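There are structures below to look over.
Shared between the two complexes below is subunit A, which has subunit B as its partner in the first and subunit C in the second.
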Partner chain A sequence: MEAFDSLIYGFGIALQPGNIMYVFIGVLAGTIIGMLPGLGPISALALMIPITFSMDPASGLILMAGVYYGAIFGGSTSSILLNAPGVAGTVATSFDGYPLARQGKAGKALALAAYASFIGGTVSVIGLMLIAPSLASVAVSFGPAEYFALMVLGLTAVVSLSDKSLVKGLMAAVLGVMISIVGLDRQTGTERYTLDMLELVQGIDFLVVALGIFALGEVFAMLLAGDNGSHQRQKIGSLKLSRSEAKEIAGPVTRGSVLGFFVGVLPGAGATIASFLAYGMEKRIARDGDSFGKGNPKGVAAPESANNAACGGSFVPLLTLGVPGSGSTAVLLGALLVMGVTPGPLMLEQRPDVFWGVIASMYVGNIFLLLLNLPLIPLMARILEIPRPLLLSLIVLFCMIGVYGLKFSSFDLYLLLIFGILGLLMKLYGFPSAPLILALILGDLMEENMRRALQISNGDWMTFVNKPISLTLLIIAFLSLFLPMIIKPIRRRFAGKRQQPA
Partner chain B sequence: MGIAFRGILKASLLSLLIAAPAAAQADWQPTRPVEYIAPANPGGGWDTLVRSTARVIQEEKLAPVNFAAINIPGGGGAIAWAQIAADRGNPHKLFAASPPLILIPLSGRSRVTHQDFTPIARLITDYSIILVTKDSPFQTVNDLFDAMRDDPTISIGGGSAPGSMDHISIASAASAAGLQPNQINYIAFSGGGEAMVSLLGGHVRAVITGAGESQAQLAGGELRALAVSSPERMAILPDVPTFREQGIDYTFDIWRGIMGTPDMPAEAVAYYQDMYARMMESESWAKTRDQLGWIDAYQNSEDFARFLDEQQAQFRAVLGELGMLQN
Partner chain C sequence: MGRISSNQIIALIMAAFSVAYLIGAYNIPAFPIPRPIDSDLIPKVLGFSMLVLSVILFFQRDKGEERDAAAQDTEETARHRRRVIEVLVTIVAVGVYAAVLRSAGFVLASALLVGGLAWFYGFRRIFWNIGVSIGVPLALYLIMTRGMDIFLPPGILPI
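Let's look at the complex of A and B:
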């Protein structure tokens, strides 16, 4: 009942005409920026800070939060249509979204992503409202050992992302970890694999690798195949989901939303890890798991619901602990600090208007997003009707803008090209690229947290099994790796026995 | 498209500078948004300095352009420095600096040193603070140090890399209390906020961070402060005793200032140092400063440069004692 009263109070703030306008502007700007490949929520948010300076903190955060979840909402578009993920959180969406688009079902894939995003976003707002204050304890319960175990669990998805050849998948994953190691080691400050190049001291940005391997690699592959079919245009297909399809994705969306929300609550995890975990989980439990990666609707629904739910979940550590879980929430934290609001344990008492106002505004924002995005889908999907030579050039251009915009470094453009060629080679020789990206994202965090945990335990490896959360996560990781091997022969034997008497 | 547009602006400005160098000399002022870099994750001391000064500058209309806060975390700052050092002469790039800029190069973890950059102005000072959870058995800083003497594995979290500010601060304090500095089990997190969350969850036993950063958590009541490195008790934390009060002769200043790119044009340096001087006289600065518990400590470019060289000599000695001097 208390939550209900608070929400009424929050809606009182969120539904003020000015604030409704801010929500609308925020989600509109966010969803448009999110749709552009290479531009993520961070750049959009950073641009918004000066605008919010003079605003009331509640309105300011309502606006910026709208930009943030709007960008995640719209972020799936370029992943699905162009195989060019703009933000890390939407990489997993491209695994099945892009194949769907190539099969002439772009409309369906985009609609799926929109519905899944809406549900994920709404579930996380409900979660925020009901249990946000008590969730802070979940966030602090994760220390270095627990994060390490979570990353291990995340990495087990390499197996399910490795299409046909597990060996090739593992090789790709190792390469991803190697790329993540390049640069200054955060624990000691030692330079690793920088080849004495100043540009590499900062490490290789995730976006450079993702756009190179996915988008440029795809472009090169098309060029090589001579597939410039300027006359054939891709179909968009229907936006409508049949009843059986809606039924099919209900499970993945529900699980993705809940999983995403809780992973989002952890300040060291976030939307990317949430989307990969959800994708890996669905692929493993689905009866048609083999068709993941070839255009299975569940493969779009799961990561999209998870990344949007994680986005909502990330407001828990931000508002109740004052600790950002990602680059985007970090910008939000900075904006709040300069507006004179210090997020932290006293936020609920000191600034209930900001806290409940923002949460209530997210309900409104998510509805706006769905209403905005559905009519935009046919429009966006028409990108695919652009003649192929022009479209390929546009993809290359967008990749270059996105990469150059990171730090205005032309060195990164050469890196982009190198990763594009790597992507092509991987495609030609049948190496899956998803494990590489996953390992690149997780490798860094896994190493850092492992070393921290061992330092705390004075080098005792038992720290990973002595802590209940860490142990549980490691057991799940172990089971998800080896259970299929154990179950299959047993099942076969049972099936065999049953057949014998018959 | 904002970023792409800025890129275009940058290119056109560059050609403009090459074409007409004389035009910039007379009465210099920034012509495009200043990249205002915090070389760490958001939520920490540098970040707060950058964002709050950017806000004051805008509110008081002290500059014709925006100061756009940018976070470049990693390596305790070295990653951002490497990037800024490569941007020689760019008058539209400033960054927040504090003791790590001197400490990290001395411990061999950055190729660039403070001498590579152009000092603009020193602004404020803050102090180190040692935190434990409210139900921790340690009541005074001597309880903690006594326990560390018996059990060197007690983990102390901090927001900066080993050999950087937080580590040096706890090591020097422990050394002043008669402990072996290299016996401290210091755990580096990527920011003071992350370290405090780890303390809240019981993953580390104590945390050393900036007093200003810890205010919200202290007010929340879950954390308790054992000692602060100021010479006298801080006005914002009147209940927290100093090290000196507890018989440990130790103070540590976390000064913070603004630096620019290598070889920044003199007229740009003059512009910025004066702008910061005006900023610190403003009403909205006074409010921000008090809110964050900072203490004014302005120095202009020239004095700041001299101060930095002195700090370097001092830290060189401290690091030498700790056996961490590499450079």
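Let's look at the complex of A and C:
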């Protein structure tokens, strides 16, 4: 009942005319940006930070949240129409969405994506509303040791769940922490790796790294792949779903929404993993699993509901623990800190307007997403017809503006270029970039909490294993990293044994 | 003795980087008052971790190597070279943009960047190109400087 009252309070904030406008702008901008290949939610959020500087924190976060789930949804449009996912979280959508579009059923696929996203988003907001307050009350007791362990878990989860090599994932994470400690040590004031450059004393801003690796690096990769021709207009077809189709996708959408939400809550997981898991699960349990990848509507509905649900789920650790579980929520955390709001267990008490305003705005945002996307799908699809050469050059410009707007420093633009090249090299040689960006955000916080914990324990390292929560989190972190390595050979052996009698 | 794989080259580069990083870590000055852990501990841990990971990567079997080799045969074409040149030109263009942004101004530098790159990538609709490459930076400039009070260098243009 308390949650319901608080939600009513939240609606009072979210339904203020100004905030409704921000939700609308956020969702629209996010959808458009998410559609553009190369610009995902991280770039979209990063580009929006300068706009929120002077805004009221509740309105600022409402706008950013709109951009976030708009971008996740927008990515599905380019996945379905062009087989070019604008966002990693919608890659799984393209497996069946694009074949549907090739069959002249693009409208159906887009409508499926819109309905599934709406349901996924709504389920996740309900979950967020129910779980967040209780998790926050537990998290109040967290000390530096627990926070350190939680961040280690977040990092190892991202590394272990990245589809590329574990060693390369770990190297990317170590590199991310290395970048994060450049600058003044906040506890001692000692300069580290500043190379006697004044511009590096304040450290390297995460936005420079994020835009470099995720946007500029992506442009380089697209150029190298030779993907700079313009796309032909796709026939959209009917947007209507039949009753049998709605019935068919009800199960996948429900399972995808619930799975997506819980995956989103886990630090390190997120929309991409949620969508792949939901897709894989449906493919396995469906009777017509063979038709997945050839235009099965369930193959669109499941990942779309999961990625939007994960988006809401990822707000749980962000708002209650102050720990981002993904690159996108890390950027959101950065934006909140700029606005003077520190998310964490006390946020519910200290800034209920922000907390409940955002949750209520998500309901409103989901409705906007549906209302906006269904009628505007044919119109918005035309954005994808922008000639690729022009689009790529504009993305380069947007990266430059986003970075230059930070400190108005040309030095940051050179750094952006360096990270763009790094992003390209990582992509070319199979290094996952998500561990790097998360390590970059968490690295500084991890070191700070670790040192604080050791300060409190007078340098006793056992403090991390003496506390039950911290110990549990560290064990899970260890298992998340090494369990797949142990399980794989066992599975292989079992599979070998099973094949032998045959 | 087979040829060295791309992973092994990366491993060697990262190992050299780790050594340089560790030298930097050992040169971080100690804090005058004793503390449980000083500013140099984490960099040392990171440096050694990266070194160990580089060694593991060096000895790890490179699954993509065969595919890479096959891909390289087909990629050794004029089209591939053209793509590499496109990337290199973009890198140079971004570097030049960063160098001249203050003196030339946001609108002029951005228009040249967008228009020049789009043309170089093969966009030959000249009027569209000029319109977008001038229109977008100008609109952004006006929105950011007039509407949002964000400073962008005006440069040589009287705006």
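Basically, the second predicted complex is superposed on the first by the 278 of 502 C-alpha atoms of A that agree within 3 Å, B and C clash if a C-alpha of one lies under 4 Å from a C-alpha of the other, contacts with A are read in each partner's own complex, and residues count from 1 in each chain.
As a working rule, contacts are C-beta pairs under 8 Å (C-beta built on N, C-alpha and C of every residue); 3 or more make two chains touch, one makes a residue touch a chain.
Just so it is clear, the structure is predicted and the values come from calculations on it, not from any experiment.
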Touched partner set for A:R192, first subunit B, second subunit C, both or neither: second
Subunit B versus subunit C as contact partner of A:M178, first or second or both or neither: second
Subunit B versus subunit C as contact partner of A:I401, first or second or both or neither: both
First, second, both or neither for A:T342, with subunit B first and subunit C second: first
Touching partner for A:A330 - first (subunit B), second (subunit C), both, neither: first
Contacts of A:Q455 with subunit B and subunit C, given as first, second, both or neither: both
Partner chain in contact with A:S410 - subunit B first, subunit C second, else both or neither: second
First (subunit B), second (subunit C), both or neither touched by A:G226: second
First, second, both or neither for A:F142, with subunit B first and subunit C second: first
Footprint overlap on subunit A, where subunit B in one structure and subunit C in the other make contact: 50, 54, 185, 187-188, 190, 401, 404-405, 408, 455, 458
In the complex with subunit B, residue positions of subunit A that touch it: 36, 39, 43-44, 46-47, 49-50, 53-54, 139-145, 183-190, 198-199, 201-203, 267-268, 317, 321-324, 327, 330-331, 333-335, 337-338, 340, 342-346, 401, 404-405, 407-408, 452, 455-456, 458
Residue numbers on subunit C that touch subunit A, as the complex places them: 6-7, 10, 14, 21, 24, 28-29, 31, 35-39, 42-43, 46, 49-50, 53-54, 56-57, 60, 64, 79, 83-84, 86-87, 90-91, 93-95, 97-99, 101-102, 110, 113-119, 121-123, 125, 128-129, 132-133, 136-137, 140, 144, 148-152
Complex interface listing, subunit B residues touching subunit A: 1-4, 6-7, 10, 41-43, 47-48, 51-52, 54-55, 58-59, 66, 68-72, 74-76, 78-79, 82-83, 85-86, 104, 107-111, 153, 155, 161-163, 185, 187-190, 193-194, 196-198, 200-204, 215-217, 219-222, 291
Subunit A to subunit C touching residues, read off their complex: 50-51, 54, 165, 167-168, 170-171, 174-175, 177-178, 181, 185, 187-188, 190, 192-193, 216, 219-220, 223-226, 228, 387-390, 392-394, 396-397, 400-401, 404-405, 408, 410, 413-414, 416-417, 420-421, 424, 429-430, 447, 450-451, 454-455, 457-459
